């Protein structure tokens, strides 16, 4: 193991690590907290909850978002729910089981102690959110309801209709708003972080661009917390928001923060397929649909353009049920996505582009309709009546999702099977952090999707919200003390120091650089081409040959960008094209690192599938050689990254092959 | 009392004033109507004239009337203030504005209200002012005195009935009255239920009933008022 | 599944930079696929403008799935366009016909000053939330989530109000530029739940006062807000806020 990568996992039995550590870690006294400034970048679940909680504790917090309001962060779009080991359903759930499911779901590529801590604090999150006024779904008795999600055998998912992320984010946003009104948090809207500033090796501030007028500003603090989300938009098309980007994390990376497991991307199996060239983003349909929908494609290629309702049962291939009889349509996301890729690669995809499979509710409608007819004592119900009653049941369960589908696709999913296809959804990789969520740069922390820590190679449903809030509400408020306890004698950091001036100058030069190219191609067109390369060669399945080729293609694309991009307008104004140009420039670098990582990992695990490493089409993990976290150190532009390995030890869990057959 | 002034000048405080004064005026209208419907009695105007005289001299009525004038003015002044403040709050006008889903009345309360205010001035100048501050000796203008035998005593009263009948021979005046009552109908169609909404008196079970009552009220009351000039003009009564 | 295309004309509000104080500028786009979303149509327009080395139209957008509340356009006089219960980003070109002229303007209100073209500043909404749109509970103070049962209907009602995305369509639709629907949705969400009832009296005064301070207009119960709200939030919330405000100011000793 690299000696730079100290995971700082506390000693002791797994279940007691966090409790004991929390009880013995250094603290910052209230009178000192008042003098310590913390910079929080990002206001999604992780950032908003961290800023609010740190403000409550008495720190002076400065919080930044590029949005017009902290409430817009993309956590808001999460639909399904949030896991917690409450065992309210008395179905055998426990902290250990949630821990186990998360490690297994992550294909044994995450750090045990972090995941166990996540499972422990998951219970507190639900309590906290309910107290904040998050209107979780409830039973008639007034207690909280749960549902189950893919890849687990218990019901531990708390939800607020199909808008759980929205409600949780509004909870965190209101907690943040409260601290803003009390003056403990100073909010900077429409400020984008463009660089991390280090003084004497420690993170001491950031350089931002005021998006309204282009002003380059320095903001200093005793430490910097990055909660800037994932990098799925490197694929251009993803379920991420249009403005989600990697730039904050990437800038920190170039200042010495290691980037871990960048090749682990989650491709979500149930998204609305691409409809045309102009497509700007993809929309997710909640995983919960796979509880009742059956996935199929025609057996014969010539049936693919036919009206699906006219294809007889014997000519349909319910391929998930066929290949994975044990889990059927409820296999984990990576497995379901890959299977969809195989059948479309065989030419059996449906829809205008041939890049879609059916998600069919006809048998669920019939099943529910018959059950309704039974319970109403209608022994002679006509098929039409059964369908009508069945549709009503399906509507009650998934009405808002069906409505959204119909709005986008303009087809009635009650009558015609939905068309779905996998799409980039989440990035498990991210900034490398230790147990304290501190990066390789002292004083720089990373939370939520921005870090790599908890999901290994694949994330289970309803655990992203859990991780974001765990990091923000219940982990960083403690662990930040391990750094800050030694900083109480550090006076207020001045943003006038030469380090800040140098960073500002570098940022200004970078901006001038993209503006001065004055070429002929739009930023958007480069982003689209990058996305195409990433999707084709570093998407659902990868191979060494393709990756090697793609790395070269990206380098060429980057060179072309630097010589032919056209960014209209100037720096000194509201200029979304400039914002986009800076972000795409960073994606063009990140893409190459993702490919390096994918090339290095000569195995298939979770969201990373290397065609060379399979066993009868199923992912082949190589634990002996690759049970490590790949943490990449930036050296210089257009040069190789240095790889540092953090070996993963599983002391509390037996490492097995995932099987869903 | 600082909080009270702050309250009265808050957005909801101002709307509360609109709502309460509006409801008072809504209560006043049927009372006024019952008196006025005596104009449709075929008694040569005796019941109406005696009623009108009573209204002019009863201390309680006089006291209430002062309140009424105050509330009308308060409702009007507050309405104008709200309109100005709202104008000030709204930005540049839309080049294309539909407000497709809002009723016409709800967007034009200020204009309907100003129409009604003008009407009230005309109406009061015509009858109330004449009744209260003018000598009645000009039969050709409908201003004449009439003697009645009330409880064995002969009393000379102003013949307001004749005055009303005279005024309503003028098609212009009849037109103004009928138009104003149409305006009143629209004003009420929005105002009635709106007053309850502003007070927060909103209930899943009762609000539909309030809305229905409001619609019936808004149509029946102005219609009944409008019938009086029409019937007088048409000569069905009063000739 | 051959895709239909239409030709359209656009009149788009441009403001700032070369367009100064603002004006409607005409554009035309041919062969617009009807499966395109309204914002994708704008992407196409902007790509065209950039190719001509002109300044693209600034408009705000982010999630493009109807939940973040960032997109803000008034399309043919209606905030978020003609489709009920839909944000601009979820509106598709199939809602328009070949040859249509589409007028696109920013959300207009004094309290939403225009930043550029179709982009407005809605930080007044944040200020209203900061005045009291929260439950005062510090992290770690909460009791077990099931310790306070909440009747399902009550929880659902709170949810209906909490679904507000803070886009500002209510203000844009209101002839008075009132923010009553936005403010009342938050008041209603929090005061309906037992957890939030505790401080509801103070909250409603603080939020209404802030709303007034931000310069929003007064409610005339026109209900255009409800009609245009992409989340179809009911004006019943406004009645509830009025009721609570009056009770709080007149019936309690609270003073915000």
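Should a chain be cited, it is by its letter among A, B and C, assigned in written order, with residues numbered from 1 in that chain.
Operating definition for what follows: a contact is a pair of C-beta atoms (placed from the backbone, for glycine too) under 8 Å apart; a residue touches a chain by one contact, two chains touch by 3 or more.
Bear in mind that the values here come from a model prediction, so they are computed numbers and not experimental data.
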Task: Chain located farthest away, centre of chain A as origin (C-alpha) - done: B
Open item on the list: Based on mean C-alpha positions, which chain is nearest the centroid of every protein C-alpha shown?
Closed with: C
TODO: List the centre-to-centre spacing of chain B and chain C in whole Å, with centres computed as mean CA coordinates.
DONE: 39
Task: Whole-Å gap between the CA centroids of chain A and chain C - done: 26
Open item on the list: Using mean CA coordinates as chain centres, what's the gap between chain A and chain B in Å?
Closed with: 64
TODO: Give every residue of chain C touching chain B within the complex, in rising order.
DONE: 11, 13, 22, 24, 74, 76-78, 103, 105, 108-114, 173-178, 180, 208-209, 211-212, 215-224, 227-228, 235-236, 238-246, 249-250, 255
- [ ] Over in the complex, which chain C residues touch chain A? Could you list them?
- [x] 1, 3, 16-17, 33, 35-37, 39-40, 43-44, 46-47, 50-51, 53-56, 58, 60-70, 83, 86, 90, 92, 94, 115-116, 119, 121-123, 125-126, 129-146, 148-152, 155-156, 158-159, 162-163, 165-166, 189-190, 193, 195-196
- [ ] Can you check the complex and tell me which residues of chain A touch chain C?
- [x] 49, 52-53, 56, 67-74, 76-77, 86, 88, 124, 126-133, 135-144, 160-161, 163, 165-167, 170, 173-175, 177-178, 180-181, 187, 189, 212, 239, 241-243, 275-276, 278-281, 283-284, 351-352, 404, 407-408, 410, 473-474, 477, 522, 524-525, 566, 568-569, 573-574, 576-577
- [ ] Could you pull out which chain B residues touch chain C in their complex?
- [x] 3, 6-7, 10-16, 82, 85-86, 88-103, 106-107, 109, 190, 193-194, 197-202
